[in-house]
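After this come two complexes, each holding subunit A, first together with subunit B and then together with subunit C.
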Partner chain A sequence: MTVGNVFFAVASVVALLGAFMTIASQSPVRSAVGLLITIVGIAALFLMLNAQFLAAIQLIVYAGAVVVLFVFVIMLLGPDAGDGEGTVARARVARYGAGAFFALLAAAAAHLVTRAPDAVFTPFGAVDPEHGSVEAIGRLLFGSDVVPFELATALLIVAVVGAIAVARGKPHVRRQSKSASPTARMFHGPLMARDAQRPLPTKAEKAAKAAGGA
Partner chain B sequence: MSSLGYVIEQYIMLSGALFTLGCIGFLVRRNVLVQLMSIELMLNSVNLTLVAYNRMHTGDLNGQVFAFFIIAVAAAEVAVGLAIVLAFYRLKSSVQSDEADQLRH
Partner chain C sequence: MNFDILLAVSPILAVAIGGLLLMLAEAFGKPMVLTGPQAGLVSTDAGAGRSDELALGSAVILFAGALISVALWKVGPESLPGAAALAPYLIIDRFTLFFCFLLCLGGGLASLLAGGYLPEHNLDRGEFFPLLVFSTVGAMAVAASGDFLSFFVALETMSLGVYCMIGLRRGNLRASEASLKYFLLGSFAAALTLMGGALLYGATGHTDFVGIGQGIATIGKSTSAVNAPLVLVAVALVIAGLAFKISAVPFHMWTPDAYEGAPTPTTTYMSVAVKSAAFAVLLRILVIGFGDPRLASWGTGWPTIVAWLSVLSMIVANVIAGRQESVKRMLAYSSIAHAGYTLIGVVATMHSGQGTPSVLFYLLTYTVSTVGAFGALILCGRRGAEAVSYEDLAGLGKRHPAAALAFSLFLLSLAGVPPTAGFFGKLYVFSAAVDSQLNVLVVIGLLNSVIGAYYYLRVMVYMYMREPEPGAPLATPMRSGFVVAALIVAAVFVLVCGILPNTSLDVAAAAGLSHG
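Here is the complex of A and B:
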């Protein structure tokens, strides 16, 4: 048992336990913490796989931004963020049946990988220590992959603008009362309460008055 | 088991287990927040697969760069998804996904 063996075992067990905690806990805050644990475990596995840059990015983006965003939304929703007690759960059989089906598929796939008669486990070969370093990935991102990199920035801008637009909803429209609007006062009903019983003169009356005055 | 952690199949199995857990969480849970977290689990397991295969084929770094872009897209997806959750909560005062039934009636 070398250090790498123990490191892999611990990181994979941590990732699996975190994933289980994410999907099984009743409180969404515990689910978020489970997601955080999984992300840290996967970042550790990235270190095992010579992906230092991705391990750092994983911690910064997921643990630093995504999980915090989840926790913010959970805080914003308050107690309503939990599982709705008292509401009717629809399609219970379909949901659990689909989950069991996918678990069965995964078990079958695992069986195929491990129990195949000609299973050959291929160990990793030697690797350049610079493989996956910040410098190596940076050379690619600002070299041959610069176009997708810039497109990713555009995607992030659009996502931020869209998230703000969707989360803010419709701007609040103030409903004005009838008398508060000058237009309504001018065209919809009498200005003073004492005029309420006196109808406005019709066109014929106005014409007669004008003719009489002249 | 001195090869523990230095064989690609172990990473693929672990990634498959994580993906299955995320898939089951997405299907079984009704809470939209937990469903989004399950999607994140699945994306993470795919990233693990990409990086593991890139460790096997060390000729280039395309697997890791692809995982980097997946992380960027996942961050954008979470931002928009949580905004939609907030809009949904404003509409229904609930975050249970089976409350989103306006097209049924």
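Here is the complex of A and C:
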């Protein structure tokens, strides 16, 4: 057993334990901490693959920003926000049902793998030590992979505009109909003037009218 | 060389630049001075009250994108050899240009509808239009992508915009529910697709569709079935993720709620552009990535899965749609059923070269008919008197013959009645399926079209043959040049594709051929 294997075993066990803690714990704060442990474990796995940059980014973005965001939300909502009333039994059934379903899927996948002894897996060569360095990633982003990198700018714009659109409340001053200008009248308001009123009299009105006529 | 690249991506680029200009106009434009009782008050909200200009602007941008696609089609993407440098991330061929046109058309019509709908329903929000435009940029990039990397980034661009456009109606519980449901399930579906891509990379060492196809072809050459568990699981994951985006049963649970809760122009956009883009990439992945004869065969590959999705979508959606009381919800189920019909064409790509063109033509007819139907629904209602249920529309044919006539035309097209586009769309999908000996699918499709006619005609029965109950709430049509313009454009397409389908069919065939 080499040092690499031991490192791999430790990192994966840490990541798995963290994942289990995330879903099994009752308190949301504990779940967030579990997520943090998973992320650290995965960062360690990235290090093993010579992806130093990715490992650092994993820690900075996920552990540093995303988990902190989770903790903030938990803080704002209070630690007991998850306790629902009434639907707990249904939620439990759904949770165990989904768990059982995914276990079944995993078993099916494992069965597929073991049943195919002649299955061919693409052999990947050993990873170059410089493979995950900042320089190598930079060369990829501004070289051969520039198109998806540029596409990501559109994604970021949509994310920012969308966040503003959803977070901003209602406009303070309601818009009034522009009935003043004849051009505006073409574009707004009812199709026919008579629709501005209630189009059909109610039963009571009809009866009153009939009574009045008689 | 570089000029070729710029020219090749010009439809996408033009729309993206237009979106940026639109954002600047929205941010720095003059706040509107209100008239009427609040005269002299300046709205505190930069975007409020200027939906007219923004809607017109985004419609012009998107229609310009469509025109640029047409121009590029005339020039011919083959004459731009430099554009090959973009491959595999963006593949600019006639297939892509067809979808650029289709998506820009759908997006442009949706923004026209929004120009009428948003001010009427007090949703005057300037952010809507940049979101719509950038979503369309994402959708075009999805249709053009030939690699999982660019596909995923583009897919997220498209979806994020749509999530936010659904949630625009703040404070409305139904809209929040719709947005949250679509967001959570959509993220989950995107994750499934991504997992499929990762497994394919593990199995073949490639992320581009061509490389994946070649990698799969070399796996266990001698065996009759592809004997690689990773590939099989990946095929299932990718199809599941995309089936969510096209809302095929059993991945349709979100559709009725999201479609009903969203503002109607957003619903139109979702049912038209998002679905078309997802079909584009589905065709690309299935035909190029999973085109290996062993994977694209009935017993051992994806056609069986896709055929089941198609049959389930048609049957489940049509049965449930007939039981709806809300017209918008009925149209949501109808869009699920149409995804089922289109999937028949996707299955037909297995044997017949007609499969891809028939899907493209069907998407064109579906786009214009659906925009028309939702547009007519918008036209039929005003704030406080929306057209929601069948009862709201009772007697509309007498009160507002023009609005009812427009609605009827698009409903007939959705039902597939002869002089309209929908008829030829169905005809070509079914004939492509017959070419591929998928007779059972065709019979199921035909039976479902008959069931579908029931609920489309039911709307017309209410409009022309029912009298409203005295005192019942009635929908009263709105006056909007934007909505009318969108309806006219859609109606022209419906009639042209229905009476003279040759040109559009030739275009679809050429686009399908370039796809290979």
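As a convention for this text, the second predicted complex is superposed on the first by the 128 of 214 C-alpha atoms of A that agree within 3 Å, B and C clash if a C-alpha of one lies under 4 Å from a C-alpha of the other, contacts with A are read in each partner's own complex, and residues count from 1 in each chain.
What we mean here is this: contacts are C-beta pairs under 8 Å (C-beta built on N, C-alpha and C of every residue); 3 or more make two chains touch, one makes a residue touch a chain.
Keep in mind it's a predicted model, so treat the numbers as computed, not measured.
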First (subunit B), second (subunit C), both or neither touched by A:113: both
Partner chain in contact with A:134 - subunit B first, subunit C second, else both or neither: neither
Touched partner set for A:154, first subunit B, second subunit C, both or neither: second
First, second, both or neither for A:166, with subunit B first and subunit C second: both
Subunit B versus subunit C as contact partner of A:75, first or second or both or neither: neither
Dominant contact partner of subunit A by residue count, subunit C or subunit B: B
First, second, both or neither for A:103, with subunit B first and subunit C second: first
Subunit B versus subunit C as contact partner of A:208, first or second or both or neither: neither
On subunit A, the residue positions that both subunit B and subunit C contact, one per complex: 109, 113, 119, 121-122, 124, 145, 148, 152, 155, 158-159, 162-166, 169
Of subunit C, residues touching subunit A in the complex: 16, 19-20, 23, 32, 34-38, 41, 43-45, 47-49, 52, 86, 89-90, 116, 119-120, 122, 124-125, 127-128, 130-131, 134-135, 137-138, 141, 147, 149-150, 153-154, 156-157, 160-161, 163-165, 167-168, 170-171, 179, 202-205, 215, 219-220, 223, 227-230, 232-233, 379, 382, 385, 399-400, 403, 468, 470-472, 474, 476-482
Complex interface listing, subunit A residues touching subunit B: 1-2, 4-5, 7-9, 12, 15-16, 19-20, 22-23, 28, 31-32, 34-35, 38-39, 42, 45-46, 48-51, 53-54, 57-58, 61-62, 65-66, 69-70, 73-74, 76-77, 80-84, 87, 89-91, 95-96, 98-99, 102-103, 105-106, 109-110, 113-114, 119, 121-125, 127-128, 131-132, 136-137, 140-141, 145, 148, 152, 155-156, 158-160, 162-167, 169
Touching residues on subunit A, where the partner in the complex is subunit C: 109, 112-113, 115-116, 118-122, 124, 145, 147-148, 151-152, 154-155, 157-159, 161-166, 168-180, 185-192, 195, 199-204, 206
Subunit B residues within the subunit A interface of the complex: 1-14, 16-25, 27-31, 33-34, 36-38, 40-41, 44, 47-48, 51-52, 54-56, 58, 61, 64-65, 67-69, 71-80, 82-87, 89-90, 93-96, 98-99, 101
